[in-house]
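In what follows, chain A forms one complex with chain B and a second complex with chain C.
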Partner chain A sequence: MGTRMWGFYLKELIHTVPFFLKGLWMTAAVSGFSLIAGTAVGFAWGIIRAGKNKILRSILGAWVDLIRGTPFLVQIFIVFFILPEVGIQLDAFSAAVIALGNSAACFICEIVAGGILAVPFGQREAATASGLTSYQQFRYIILPQALRIILPPLVGQYVLTIKDSSVVSAIGVVDVTRVGWFTVQRIPEGILVFGLVGILYFVICYPLIRLSNTLENRMAVVTTRL
Partner chain B sequence: MITFSNVNKWFGKLHVLRDINLDVKAGEVVVVCGPSGSGKSTLIRCINRLEGIQQGDLVVDGVKVHDRKVNLTEVRAEIGFVFQQFNLYPHMTALGNVTLAPIRVRKLKRDEAEKLGREILERVGLGDRADSYPEQLSGGQQQRVAIARCLCMRPKIMLFDEPTSALDPEMINEVLDVMRNLATEGMTMIVVTHEMGFAREVAQRVVFMDDGQIIEVALPDEFFTNPKSDRSKLFLSKILSH
Partner chain C sequence: MLHNFNFRVILQYMPLYLKCFGATLWLSGFSLIGALLVGTIACGMRLSKNGLISRSSVVYIESIRSTPLLAQLYFLYFGLPSLGISLSEEVTGVIALTLNSGAYMAEIIRAGIQSIPGGQVEAGVASGLNYLQRMRYIILPQAFGVTIPPLLGQAIVLVKDSSLLSLISVVELTRAGQILTSERFMPAEGFLTTAAFYLVIYYMLKRFSGWSQKRLIFREAH
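== the complex of A and B ==
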């Protein structure tokens, strides 16, 4: 195949850019909603996971293990194709956000619980001895120290979740990946089309990767401080 | 001020406190010593209920602290506790460390608490380090901040759990000096320590523990020159020989 064809396809591809931007917007919407919900739920779960209630802790643990131990593609099929059989009808977008948000929440739960448990026990004891209530101990002593441990891997998890969002194309959500599938049928140059798809994901993820690295380096300083 | 009556405590099957009877009066300084694992730390950790007890009564300032209905926050606010490992909050300055509980527990206004905090940091010789973070302070300075953190609550009782054991030798005295001053001011103190010089000089009574029991309670001079039990003789020979 000559460079002439590549030039032709490139031109064609440029025409489809608005379509790709729409897909990018959908990717951002699915990831964004999932991450907001996943972060809120993940923090709540993580706090319970690091807490004292053994029953809640083991129920959550089982759920988290189940989700972490099964492919996301399978999870999204279950939400989208199997839930309707028990009467829960969801459009593709909602199914995508529920499945991806739940998956993110499970990973974030473990990150948050790990961060909380990494705060030395003496910190809680000192706070207890000075008469702070459990809530005050958590709010002023545990959480601020745990956050420094949590933030770098949390941002790293955001990157993973955004990339995982490409799987929602499998249930018909028209995200960047889905747009890639459509386009490659008209422009049979996979490397061009999916090159563009890859670049678009990278553009979103790269700043987050940098942010995670920066936080990690700052964390290293803080660790020596502890 | 602090009364143990027939207190027993177990960790699982391990009987860590056996029939403890002890009465500490207001303004008294009591040093608790004994071999490691003898229950000294556990003894003082029961006083502010960092540990629970299974039998007996423990009355602190007229309150049965192991009663179910006790308001623990109120009890603990009156009892300062100094840890071997300082346990300062690493994300707060010295001033932040000493003002947190006064603001959140005593409900002081921030400026009142900071005035108090600076005053007390001054008293432990750290007036110029109020804005330093724990990591920027030496071990001795950190432990003095930890003492100041307790004093800012205006406690009635101060408990010390091996306050100098984690310190380099040259820093021990700066901490002991602060404790000496407190004792002279009439603070009720129970100090778990191996600093026998401090015990001799400052304590009104020495409590010797072994194997979860109080073996001997004596005046310091008596204890060091003429210990009654064999176990205290053995302990003293070990600790004073170096």
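== the complex of A and C ==
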């Protein structure tokens, strides 16, 4: 055991690389679909949540709290095992995208609402005084300023969602984490196998974290200049 | 269908759920204490003037933040035995949670310390306080106030993250849901009850966070 076997296992591991790339593709597909859906829905929800309709606002607030208060693993079990009981049949991939997309949408909703509400109220008053319609106000005055505040945490949320996608392996979606789990049954070197899994996630997530930091610094400079 | 949602089964399994609720609390509690320790040390190293110490802390923080907790958990769970270290699932889980949360804690504490204006440190130096005195009497008391809300946010994340320990067969809240599901084929009863217990913890921590924020502003105003 130990170091002498590592060379042998390393060679074995190289043979499984195509399998890992397939898993990586699955991770990209699950996170990609979830992020696209989550961003679209999250922006819509965020605009409503920062809006005037009190009933819609509190319904959304309650839903976001329910999602933020429970672990993603429990959410995905609920979608995968309980929706079929009420007559909605889902394969593991769709269940994964629905659960992850919804979770992303809830967090993005809060980020977007926070960004919109952070734009000073005087801006809206000035826009009204200039005779802009409420659509024009939102499109040309509120949104451009809000986006500066929204963008850095939005990219940060993308990283969290990509990392959360590893949990979908629990319902049998064959993503990178699941491939690692299969591989470690054959090559019993957890450090080697999950080291590789970690590197694959790192390659995707680290540049995004750097991007989020860069955006944050750049946006901060812009706001102080104003 | 959900119209025959069975409350009796939930009552029957209540002792298991309460036991598992306790397990989730102590697993997250221990990890939280550990994460505060690891986070403080990592933050101290990160702010060190020695390039090597500071860089090794950055490597730790960034590699934790760029990889999912589940991969880290499996790394330890499958990796430690091949190094000849055999630990129970609970201990492995607590170590993984501690190391994971520690990295986030380090960043939270660093943001707190760096939120103190440089003039405060200069004033401390001018008053003849040494490094430890400045930390103890000037920087840390102020940094603490700024740090409390994000620390509680991280505590909420930690409790939710502890659900992943069910995947290495630690018996906690999520596992209780799986047990009910597999023994009685009742996933709705099983996982909705699990979710309800997590929500109890979430709302308590959220309330506490709101309360502490009010208190801190109140103290600042004086």
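Miscellaneous remarks
By our rule, the second predicted complex is superposed on the first by the 223 of 226 C-alpha atoms of A that agree within 3 Å, B and C clash if a C-alpha of one lies under 4 Å from a C-alpha of the other, contacts with A are read in each partner's own complex, and residues count from 1 in each chain.
Keep in mind that, in the parts below, contacts are C-beta pairs under 8 Å (C-beta built on N, C-alpha and C of every residue); 3 or more make two chains touch, one makes a residue touch a chain.
Computed from a predicted model, the values in this text were never measured in an experiment.
Partners chain B and chain C, once the complexes are superposed on chain A, both fit on it without clashing. Once chain A of one complex is fitted onto chain A of the other, the partner contacts of A:132 are limited to chain B, with no touch recorded for chain C.
In the superposed model, the angle subtended at the C-alpha centre of chain A by the C-alpha centres of chain B and chain C comes to 100 degrees, rounded to the nearest 10.
Of the two partner chains placed by superposition, A:110 touches none, neither chain B nor chain C.
Applying the stated contact rule after C-alpha superposition, one finds that A:74 touches chain C and leaves chain B untouched.
Once chain A of one complex is fitted onto chain A of the other, the partner contacts of A:175 are absent, as it touches neither chain B nor chain C.
Residue contacts after overlaying the shared chain place A:198 against chain C, while chain B stays out of touching range. Contact comparison for chain A: of chain B and chain C, C touches the greater number of residues.
By the touch criterion defined above, A:85 reaches chain C but does not reach chain B. Between chain B and chain C in the chain A overlay, the least Cα distance found is 24 Å. Contacts of chain A with chain B, set against its contacts with chain C after fitting on chain A, share not one residue.
Touching chain A in their complex are the following residues of chain C: 1-2, 62-63, 65-72, 74-84, 156, 160-164, 166-167, 174, 177-178, 181, 187-188, 191-192, 194-195, 198-199, 202-203, 206.
Partner chain B is touched in their complex by these residues of chain A: 120, 122-123, 125-133, 136, 140-141, 144-145, 148, 224-226. Within the complex formed with chain C, the residues of chain A that make contact are 1-2, 65-66, 68-75, 77-78, 81-82, 85-87, 159, 163-167, 169-170, 176-177, 180-181, 184, 188-191, 193-195, 197-198, 201-202, 205-206, 209. Of all the residues in chain B, the ones that touch chain A in their complex are 48, 50, 72-77, 79-81, 83, 85, 87-91, 100-101, 104-105, 133-135, 146, 149-150, 153.
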